[in-house]
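Two complexes follow with subunit A in common, the first pairing it with subunit B and the second with subunit C.
Our next item is the complex of A and B:
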């Protein structure tokens, strides 16, 4: 339990801080921007469970994010379901999608697996484009319900909810990482045959990682329609989500749960600044340039860089 | 005589039209030291892949300690007590040596029941047995060829196998290193581990084996004591030509 004490203290502090901020910060834009950064923490953390720990690179994160968002839209249109139900249903739907891509790892490894996840994304986008009930290509407008008692606006509540989801996602990733599951996943990434012969139930662990990763991505996307009040396939399936989901962990460092958090906070903030000062079109460009720079210069991300520097400092 | 530990019964393996193993049958008794020889491509590694479950056989059956394991996944067979080394060492390269050993400790020997500190202590003890104690916290990238092979052996041992299958653990080693490795393997045998060893180095196989099986083109061509095998005209034809 000692390994969790600090983490829990920090997690509770973050939640309390979020609640306080929701009451005292006057500027509404702060919550709008912070929500995006928090959403990327969930998305990047989710990607890292399968991509970082187990080494199966998912290029289709955008489809999982959008599937979560559209599950929420469908439930709002059909039953005017509350946010909690939307989140649970999105986790279920994208968890099943994750299980499906986990099953693909039986036959597909490396780049072939990644290509298959792109195919999954294309299929999902085509389905949504032609699904009239959730707005199809035209998109759908979603009305925000009135803000609950404690909050001055709905955006403030979504900010707190997304903070909670980010904390839960990071806690799950941390649990996976430091438990026996994490060692098994790393063994799979290093050498799958050797892992299997060392007693690691590779298929079971890959299915678990893919399902958990998928469910978290859906959760990241579920509040998106209410946050935007409008959703249409081109923006929900935007390349930006797929690229961010993998660029953030790679830039932060995939070896540990802190990597995706660092990457998401850093890149998410940069993206917000670029959107405000320059243009949202340049976002993906900034992401791409940074990704290339890190892959070439610091393949182990900021975490790896920090470890190397501190090792050097110790030698001196 | 000791009871039969491993029973391979008429196992066949095809890759497309190529028959890699055809009707191979053999038994290994508990505590025995069996050597497997044969030219390149004769099916030695395929045979142990079928025994360990890395490959599914296309016909025949494999029994271990009275249990039919023919359809079991490799990790289930590892938990029953079959461990192997790979011909080309396959370390978990993102981990330290001690962490490499911790994988089979956590997944086979203790199945999640042990505390982390105990796993680490035990991993170090196993590395020490191989003479790798001072490298426990090193990355596998820094290891020499002989150390990589020792790590491969240590990782197999950490699973506390009853049957240890070694796929050319001595290939590429110098004569001194071969003797060192042979010493370690014979020690394990004295501790009661049943060992099947594939090897090209004849000197090693002759010293190690109680019984030798010679494979050629996916069939067992000869079987006997080391002395009988070197005298066997079929084996001489395979190795030396007509």
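Our next item is the complex of A and C:
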């Protein structure tokens, strides 16, 4: 339990801080922007469980995110389900999608797996596009329910909920990383045949990683309709999510749970600033350029750079 | 669906399919033969289309523009491969994940650069053969599809001939089979792969011109073509040129039939559905090595 003590203390501190902020910060925009950063923490952490630990690159994160969001919309339209139910259902649906993707790893590796995830994404988008009940191509408007007693506005509550989700996602990623599951996944990433013959239950581990990753992505997307009050396929399936989910861990460092968090906080904040001050296209361009630059020059990400620097400092 | 409607759908599908083969030949070489995870191929196609659009502004025919841009794209391809090889292939470790992320990022940058310089609106070109159509009995065939069909056939057949009957072409096929053996014969595999990647990228100029002849183009179009081009390249059996043509036609006919029976909004899913099917049933493709 020793290696969890600090983590739990910090996690609780973060949650308390979020609750306090929700009470004292006067500016609504703060919550609007922070929500996006927190959502990216969940998304990037989720991607990293399959992509960073196991080495299976998912290009379809946007579809998982959108599937979570649209599950929530369908539930709201059908019987005005509360947020908790939406989250659970979204996790279930996208967890199943993740399981299916995990099953594909039986036959598909490397680029073939990645292309297949793009395929899943486009097929999902086409289905939603043609599905009238959730608004189809026109989109759907979702009314925010009144804010619960403790909070001054609904956005503040979503901010706290997203903080909780981010903490849970990071805790799960950390558990996977330091347990035998993480060792198995890393063995798969380094050499799947060798891992298999050494007795690592590769299929089980891959299925677990893909399911967990998928479920977390869906959870990241589930509150999105309520947050935006409006949803339509083009923005829900936006390439921005797919690229962010992959760029943030790679830029932060894929080896550890802290990498996606660093990447998401850094890039998420930069995105907010750039989108507001310049334009959303420039924001996306910055993301792409950073991704390529890090992949080429610093493959271990910011974490790797920091480690190198501290190693150098120690030598001196 | 009536018999005539089906017949028309099939004819339109064959024309469309040859066009799909033309946009995929480059990928068949880069991904099929050289094993480079060229996710940016469709983005280069769209870039080629915008090149034709830009030169069209000076009154140049889109096809001529495509031909004129081919050497530029070829050189760019040489540079991209040289860079890719130096940073990823020669270092070896973890090249898969990073190579993929690299090309994904490149595709993304191309798309955004196009948005920034041309905007998100659809663009089209003008030429004498766009907008006209020919009647064959009862079937009306749009002229632009016929032009694309003809150019696509020439491009695919030419590349096929080049690979099977010239010295360099055979060397490219050899490098796909056994790189070490080729090195032992005294040829430099890296230089040959670089040349081949240049050709693969070069085809994007002409194929991109076809893209904008067939339909208006917008910067995000590349994403749709990830499915179509990879579907064709994988279904073809990686690297097979006749296979590319056959696979293109299969996809074209399938899409055309879905289009006439279910409507246009379902068409994008066809390529990806077919791709998943191929990956699940026969990843080696029709003419697999």
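Everything below uses one rule, namely that the second predicted complex is superposed on the first by the 316 of 316 C-alpha atoms of A that agree within 3 Å, B and C clash if a C-alpha of one lies under 4 Å from a C-alpha of the other, contacts with A are read in each partner's own complex, and residues count from 1 in each chain.
Going forward, contacts are C-beta pairs under 8 Å (C-beta built on N, C-alpha and C of every residue); 3 or more make two chains touch, one makes a residue touch a chain.
What you see is a predicted model, and the numbers here were worked out from it, not measured in a lab.
With both complexes brought onto subunit A, simultaneous placement of subunit B and subunit C is permitted, the two fitting side by side without a clash. Using the contact criterion defined above for the overlaid structures, shared-chain residue A:183 touches subunit B, although it does not reach subunit C.
Contacts of A:203 after superposition: subunit B is touched, whereas subunit C is not reached.
In the superposed model, A:141 lies in contact with neither subunit B nor subunit C. In the superposed model, C is the one of subunit B and subunit C that contacts more residues of subunit A.
In the superposition on chain A, A:193 makes contact with subunit B only, not with subunit C. Contacts of A:229 after superposition on the shared chain: neither subunit B nor subunit C is touched. The gap separating subunit B from subunit C in the superposed three-chain model is 8 Å, by closest C-alpha atoms.
Contact residues on subunit C toward subunit A in their complex (touch as defined above): 31, 37, 39, 87, 94, 96-98, 100-102, 104-106, 108-109, 111-113, 115-116, 220, 223-224, 226-227, 230, 234, 265-266, 268-269, 272-273, 275-276, 279-280, 283. Contacts from subunit A toward subunit C in the complex involve residues 51, 55, 57, 59, 104, 107-108, 110-112, 114-116, 118-120, 122-123, 125-127, 129-130, 137, 239, 243, 246-247, 250, 281-282, 284-285, 287-289, 291-292, 295-296, 299. Subunit B contributes residues 52-54, 73-75, 78-79, 83-84, 86, 90-95, 99, 102-104, 106-108, 112, 155, 158-159 to its touches with subunit A in the complex. Of all residues in subunit A, those touching subunit B in their complex are 180, 183-184, 186-187, 189-191, 193-203, 255.
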